[in-house]
């Protein structure tokens, strides 16, 4: 096969490149592209293997029997072009140039005498060939993968609105949660060591709250009305203790304006309001 | 022939709309409906009639597009989703009545209250009426207003008065709502404190 | 004619499946199909059979669910969307052949990835698990971190371990997400690699 890139007329008069110091007046045959697009083309090579493959396929060279002189020359031509276009030339390109030249020179040397007749493994081009083919295989695979329709690019995914109910989910609390919270408090503060807690206390406290609640909206409440008529005797006692407890804690004030008159209970808050 | 068979498969309403349109523009109604379907299904936002008009090269009348959309909505009458018209256009959504089923897929874990909230609630429940200062004394840390607001927001606690001490601190107590939510009749049904102490390993020597 | 035959086959399976189920559990097949429909259409990700099982209280057999899904897929045979089975489950997508129409609505598309990205992805897909060094060896150039980050950012590749060699290089593999996005079920559905032999045949005078 003749050197293919010789006779193409040039669009520009200045040398396109310098190859081995010689001005290269013509662009390689396959680069019949406007010079300003050259950079783009050169930049698309994925590396020396890609460039070599391009050259091999473009010039219909035999991968199994690569004409090293021809390939090396063309490769160097492109390297020069890249340098002239100030493309950032990855070190791999220069390394490959060295490899090509090395293979070429080794092929010029007489082959060392064979011992077992295994010639193929001694072909200095074998490793390069293997790499080229493996790379080409992956390059094709990448191309085909890119042709597979991609979600979002080539087809849309269905995503229909789902309206989460707007009702705010409130945490639910169980008695167990309260128990656990209290247990934590116990361990931490050792509250139980200082307070002798009696079971009744809670009902007294509950009743204290009830009384306070009843008093909240009134200035004075008759003492008797704090007791529910249908309440059990223990409940009446608890209520009574609760009122005394409230008085002791100065949360309520108990007043009686005349002896045997009505006993009024009022909260300390209403006392405060009155005083202001 | 094939075309006819195909459109016959589709609903009879289809024929009506096709007739209307065939007069104005030779629009492939079947294709158009599919395009609308695909567009509406894959769009995150409702699509307006203006946007839907962009989907066909031939200029279409709003009324015609709306007819197609109604037919599309009709097609989904018996399915798990529905086509709705909302302020900004048309959109598909999962049927709200299926919500309960769909929730099973992503069981939202019920949110939990922070320890601060739970401890504060426990203190108010067991020690009521208490002031914020009381709570802080027992917990050993400041009680943030947020904690109290959370509990008040649930109507689980309320202010039932003030203590007659400097600053007139508010007294907090638990509400009937809390008892209802805990499924209790009285506070007395809360776990007894002294029993709880025995649940703790450390309490063994503390009681002595 | 083929169409009719096909739908008849399906009609039969439909009745059969319903019968089978009615015996085992009193499942409301119609409701269940609607729930699946709504769930699949509103879910961002494909739904696995395991997830679909969670949608019903009664325990259902995989084969039964798959029958329902096939029926659901059949229901959408003539519409703008289709139900597919991909690597991580089942999902609806707009028909790819309608994409040109849909593009009129949203002209901006995600960019096609560079050859560097796609070659790296292909090497990981076909040769996994591979290290960065393996990829560089095959491509003959450095692999920029940006390329790997792009693929990781897309959740198409992930580190699945390290190789027990000096430096403990990370091993990359592809993800289910990649298969989902390519509408594939398994890596085996990726295009077959070109045989080395056929690559050799491409050169004009490759005789041996």
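Order as written gives the chain letters A, B and C; numbering starts at 1 within each chain.
Simple rule for what comes next: a contact is a pair of C-beta atoms (placed from the backbone, for glycine too) under 8 Å apart; a residue touches a chain by one contact, two chains touch by 3 or more.
All values reported here derive from a predicted model rather than from experimental measurement.
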Middle chain, criterion being Cα centroid separation: A
Chain separated most widely from chain B, comparing mean CA positions: C
Distance from chain C to chain B - Cα centre to Cα centre, in angstrom: 31
Chain centre separation (chain A, chain B; CA means) in Å: 26
Interchain centroid distance [CA atoms averaged], chain A/chain C, Å: 21
Multi-chain contact residues (two or more partners), chain C: 38, 41-43, 81, 92-95, 102
Numbers and ranges of chain A residues touching at least 2 other chains: 156-162
Residue ranges of chain A touching chain B (in the complex, touch as defined): 156-165, 169-175, 177-193, 197-199, 202-203, 205-206, 208-209, 212-213, 215-216, 249-251, 267-269, 271-272
Residues on chain B engaged by chain A in the complex (per definition of touch): 38, 41-42, 44, 81, 91-94, 96, 99, 102, 108, 110-113, 115, 118-119, 121-123, 125-129, 138-140, 154, 160-165, 168, 171, 173-174, 181-184, 186-194, 196-197, 199-200, 202-203, 206-207
Interfacial residue positions of chain B with respect to chain C in the complex: 6, 9-10, 33-39, 41-43, 47, 51, 54-56, 78-81, 92-95, 98, 101-102, 104-105
Of chain A, residues touching chain C in the complex: 44, 46-50, 56-57, 60-64, 90, 92, 96, 131, 133-146, 148-162
